[in-house]
Amino acid sequence: MEKELKILKYTDLPKLIERFRSQGYPVLAPIRKDKVVEIELVESLENVALDALLSTQSAKKAAFPKVEKVLDFTFGKADVKQTAVNPEECKETILFGVRPCDASGFKSLDAIFGETPKDELYLKKKEKTTIISFSCPIADEYCFCTSVGGGPGNTAGSDLQFTGISKEEILVEILTEKGAKLATMFTDLLIDAKSDIDKSKFLADVKVVFDVNSVVEKTTASFNNTALWLEQSLRCIGCGACAFVCPTCACFDFQDEQNTKKGVRLRLWDSCGFSLFTLHTSGHNPREVQSQRWRQRIMHKFAYMPEQLHVVGCEGCGRCSRACPVDMNIKEHLTEIGSQIVLIA
Amino acid sequence: MSDLIKKVTQLLSDKTIDVFIGYEKGSADRIRATFTRTPEQAGKLIFDASCTQNLAGFLLKHEVKKLGKLGILANVSALRSIMQLASEFQIKDGEVLALFPNADNSFTEFTDFHSIEAYLETTDVGIKSEEQEMITRLEAMTVLERWAFWNKEFEKCIKCYACRAACPMCYCHRCTTDVNQPQWIPVASHELGNLDYHLMRAMHLAGRCVNCGECANACPMDIPLNLLTYQLIKPIHDTFGATAGMKADAVYALSTYKPDDKENFII
Amino acid sequence: MSRIGVFVCHCGENISATVDCEKVARITGELKGVEFATDYKYMCSDPGQTLLKEAIKEHKLDGVVVAACSPRMHEPTFRKACAEAGLNPFLCEMSNIREHCSWVHPKDDLTTEKAQDLVRVMVEKVKKNKALNSIKVPVTKTALVIGGGIAGIQAALDIANCGHKVIMVEKLPSIGGHMSQLSETFPTLDCSQCILTPRMVEIAQHPNITLHTFSEVESVDGFIGNFTVNIRKKSKSIDEHDCTGCGLCTTKCPQKKIPNEFERGLGFRPAIYVPFPQAVPNKPVIDRENCTYYIKGKCKVCEIVCPTKAIRFDQEDEIVEVAVGAIVLATGFDVLKSDYFPEYGYGKYKDVIDGLQFERLASASGPTQGEIRRPSDGQIPKKIVFVACAGSRDPAKGIEYCSKICCMYTAKHAMLYKHKVHDGTPYVFYMDIRAGGKMYEEFVRRTIVEDGTHYVRGRVSTIYEKNGKLTVKGADTLMGGIPIEIEADMVVLATAGVANHGAEELAQTVHVSYDAYKFFAEAHPKLKPVETNTAGIFLAGACQAPKDIPESVAAASGAAVKVAALFSNDLLTRDPLVAVVNRQAPPVYSSCVGCFLCQSVCPYQAIEREEIKNRNGEIIKTLARVNEGLCQGCGTCVALCRTKAIDIHGYSSQQVYTEVMALLND
Amino acid sequence: MQEFEPKIVAFVCNWCTYAGADLTGTSRIKYSANVKIIRFPCTGRIDFMILMKAFENGADGIIVSGCHPNDCHYSTGNFHARRRWIVFRNLLNFAGIETDRIQFSWVSAAEGFKWADVVNNTVKKIKEFGPNESYKQIAVSTLFNEEGATHE
């Protein structure tokens, strides 16, 4: 649809949440918990951390939570009765106050879970989620969205995007049908905006540090460059922090939790950084050492996904670097990959 | 050129060691571990007050070991880690060369366990006062308040296992969490899975934790995990007279006993 | 899918009186994996076992749960029955619905429900059971006997006469023990030495017996059939081969005033000495504490006079390692120390002595050549008081038990006294006279009736010296507790028999348990009186509790038979309920990381280091391995192992985990 | 409403307490049916995690019992267990778990009466505590009932 531009008063912002809630919409928004910012259900605007640079974890949990039940089962004398979770059951939900990289992060997830066989559980939740993103007035040295085709005001993936244009006023971009539908709940609070507003004036300045296409090319060509991967990952300790805070990481694992009578099947996040990720029952592990797991992480986002799903699996949010206990800085490592001289066959 | 760089350059050029695990400048105001293999690389080594990470965990990393004879910049925690790992047969005497940063920016060279033990005897290995305050504060709470406190903390946990990966004592190839016959610890990071995991880990570190705090530092969700293991240090010391990571041939507090060990709860 | 059989026993009325057995069978029959469930009046009876066996065959059962009495009672019975029906015995478990349910709860639904829970738990456990085969270990057919008293001697001779090798260890320079100190023995009054010494000589000469005197057990490792024992042979400072036992040195030794232990301090001995004339071996040792040479650095008289130059001042202790298959503990007892009786002036007044000292006085080979002369002035006591229960049956002294032998030897003492001092008057203060035993009561009667010993029933409160006489204050409870004072020339205390000095340490060295009084504990007070809780270690004589000679000898022969039975097979069959370290395919090999924290928790040194090498012989991984011969299956290592690399058959993590889940999720 | 009947699991060693409980039975001494015994070879075998599992699966109370010091059939298993418990109790208490829901005891094969007392007193105590709410809130079983698809 043709995008619409509106103006909303900061002072009216609380009303939005109130109305969403009164209409029975659960609202997920970033809130502060000591040093971390989590995305959780909120009842009102107070303690929603709009000033936060980024939430510690990405917003992917809205459609792909860390733990999600997919199946109930009970043991009979001779058989097992199963009841799968019905995706239709999930409620219309509003994801409020997240950043453009969160919104656009769903591109990758949509692509992955949209592959046949389609993952209805994810797709339904995503379909029933309306995203109101807030563009970024600030950025830090870990941000590199502009290098991977995004930006502080990137509207891709958002249904509505808010941009603070003065102490009092917020520029509201209505980007999708879903967004428009939601906006009807507060049309009375909106006034038309001048079409010539230059949004970029109000956005953080994020420098482009590498050319994504050459990074993709060179990553693809570097599969056998063992030295490179080893060098970059020598200090990697093989935890899953990077994957778990990443907006595009979609790997998961199934676990049954049961007693002698009944149980549930759960879908849980998993990470290619774990040594057990590819461990076979035989004891053989195709990715025996950490450098191979690091390679997998980069190759998956910058070679396999572009090749097979036509998206780059990275939004440049820099969460992985911020979360990394040993300061593996993906921006730095990608720049290095991009800047190496390799023969592209 | 700093003493550190001089020393490491020397050690590398005369092949005393093949690789030196030290610190270099990292992103923003952070520092990071670096693995110096040539005298040329030694130039980027730094050491200052911000260099507190316990690097000893890297001593057991397969790909690091393969680089050859190891040298390491070892603070007190790292030295204790080396002692504890030695007592658990993970490091042999003479296998590792440790450079210990003295207050006057000079560096003491430790090449054998005995000298490390001798040094540690004269050193304060206690936990930081602010950490003790936090523990005291928690101990002052009612049981239910503490339960609420930890529930709130564990809710944040995403089971990324950064704590485990960062801990020099968590070197098991197959952690109890990864055992599924039976599934002792739920893999899911729901309240129960998280509680089980953290209690199990704390218990497995009881009497082994060298209070380096890497677990808490590593946690992306900022959970004060170190408190769990720290608060066991005192009772273990007071009741059993044992402190982890002080002697290379120490007997683990929980695999020995005294016939007259004191307790007040068994009827 | 399992095919489990559930068999609920009524145990006559014992279970069915409070538990609805039929219902238990019906409900548990509905459980997943239960193929067959029934209840029966007496499962342990022949028809009951036949029912079990037929069900196994007919329903092709792969697991059996018998809900009946305690597995400690009938587990072997039913496992045997399963084996006979072709089912691996370790696929059979018991639910204890009698001792733990029907006998301790009233007849109501809760009790029946509990029974169902207990059965359900075992059904789930059995699903996780593994078929196991029993372990066979070789038996070293040599026995170690610790202690050279009458019990040790008897046990050693019996075992040796069965054709097995015996190693005897005696702490003192000679075997013989307390019996060799006795004068004459009740109830027959035959001389102790006369019946004992031939046995002592037999020990020394027996081709199957190796004797280590002046030696102590340093350490015991291993397990039934395969113990390794280190014996410390304390230096005797002489060469036993060169020494002929001529005794010249003992007569020439200038140091002559050392209180003689054998004479209980009533006589003296030199620094180089033979404990007593009939000692075996009859060769001297130097008491280094009191030898002038060792104290002052000069003397060496013995060395000078020794015709065979057998003295070895620089001789050092020697550690001998021996391999044995069984151990008999026969370390005997001791008598209460003097400081126990301030009120009796024992240790303060020379003429207040204990029973053993009296034995020496009465002994023909004793310090007085058998004449009863009091220690203070050598006078013959005309009036003598014997105090029974000196310490025994006296909670105030911390000894609540009856020392058992005192009644008899006190009577004997009184009798011997009368026989030697015809005009003397013996008094005996006693609480009760316990003379159970063949010819015992008759013996006491003789003392009272024929020898006119005055038996006074009552405790002695105090003894004090007044103008050369010992005033014994007591009360006669049979005369309404009237106070009695006797002015005696000598008092003999029948001091309590207590555990031997160092018994506690020895128990810990050989890994046996002991009771509150430090006497060694038998495996069962009635049915296993000579066994200990540690397989392969047996008890003989007074190290278990005070015993008289016939009792000690009987126990010793009992222990000897147990040893002989154990030695009757070349292989010993053991339950396979032992710990194992898991093994996996390369490159993992095992989840064991080789931290070996488990090594020090193992009470049996069963955890060994195993090195996995590659083709070039380089070590790839070092991990723990459990020696299933040594492992006794306590599972302490299992609970300690962080990676769960160690598990234990019969109580595996899988099994206990499932039990908990089954128990709580009804 | 009916009285709260706590679920109590007893982890006991085979040689002392299990035999002691047998003796309670042979002596026909009555005790509460709330307690059910799971047999271990030795207290040394009792993994602290099995206690956690008991709570998670709905136990309101736990009894752990074995041989008195120096009486261990394996001579030292109970000594090691005792150390483990000392530490574990510290941890549980610090983690906000009511340690008094676990009753540790030494009951010998001869102490049939003591076993009955331990059981009855524990049942009484746990009844006063009430259901183990803190654990019931987070127990896995809660997942079984939780509604299906959620965004969080």
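Letters A, B, C and D mark the chains as written, and numbering starts fresh at 1 in each.
Heads up, the rule we're going with is that contacts are C-beta pairs under 8 Å (C-beta built on N, C-alpha and C of every residue); 3 or more make two chains touch, one makes a residue touch a chain.
None of the values given here were measured: they were computed from a predicted structure.
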Practice prompt. Check A-C against C-D and say which one is joined by more contacting C-beta pairs.
Written response: C-D
Practice prompt. Taking all protein C-alpha atoms shown, work out their mean, then name the chain whose own C-alpha mean is nearest to it.
Written response: D
Fill in: Centre distance in Å when chain A and chain C are each reduced to the mean of their C-alpha atoms
72
Practice prompt. Measure off the straight-line distance from the CA centroid of chain B to the CA centroid of chain D, and report it in whole Å.
Written response: 34
Discussion item. How many angstrom lie between the centres of chain A and chain D, each centre taken as the mean Cα position?
Written reply: 45
Worksheet item: Counting only residues that touch at least 2 other chains, which ones in chain D make the list?
Response: 48, 53, 57, 70, 76, 80, 84, 140, 143
Worksheet entry | Shared-contact residues (touching 2 or more other chains) in chain B | 173, 176, 184, 186, 190, 254-256
Discussion item. Where in chain A do residues touch at least two different other chains?
Written reply: 257, 259, 266
Worksheet item: If each chain is a node and each touching pair an edge, is that a line, ring, star, complete or other?
Response: complete
Discussion item. So in the complex, the part of chain A that touches chain D is made up of which residues?
Written reply: 26, 28, 40-41, 61-63, 65, 68-69, 72, 85-87, 89-91, 93, 121, 124-125, 129, 257, 259, 262-264, 266
Fill in: Complex interface listing, chain D residues touching chain B
48-49, 52-53, 56, 69-70, 76, 79-80, 82-99, 103-106, 118, 134, 137-140, 143
Fill in: Contacting residues of chain C [partner chain B, same complex]
588, 591, 593-601, 622, 640, 642-645, 653-654, 657-658
Fill in: Residue numbers on chain A that touch chain C, as the complex places them
75-78, 259-261, 282-285, 288
Worksheet item: Any idea which chain B residues touch chain D in the complex?
Response: 138-139, 141, 143-151, 176, 184-186, 190-192, 195-196, 198-200, 202-203, 206-207, 227-228, 231-232, 235-236, 239-240, 253-259, 261, 263, 265-267
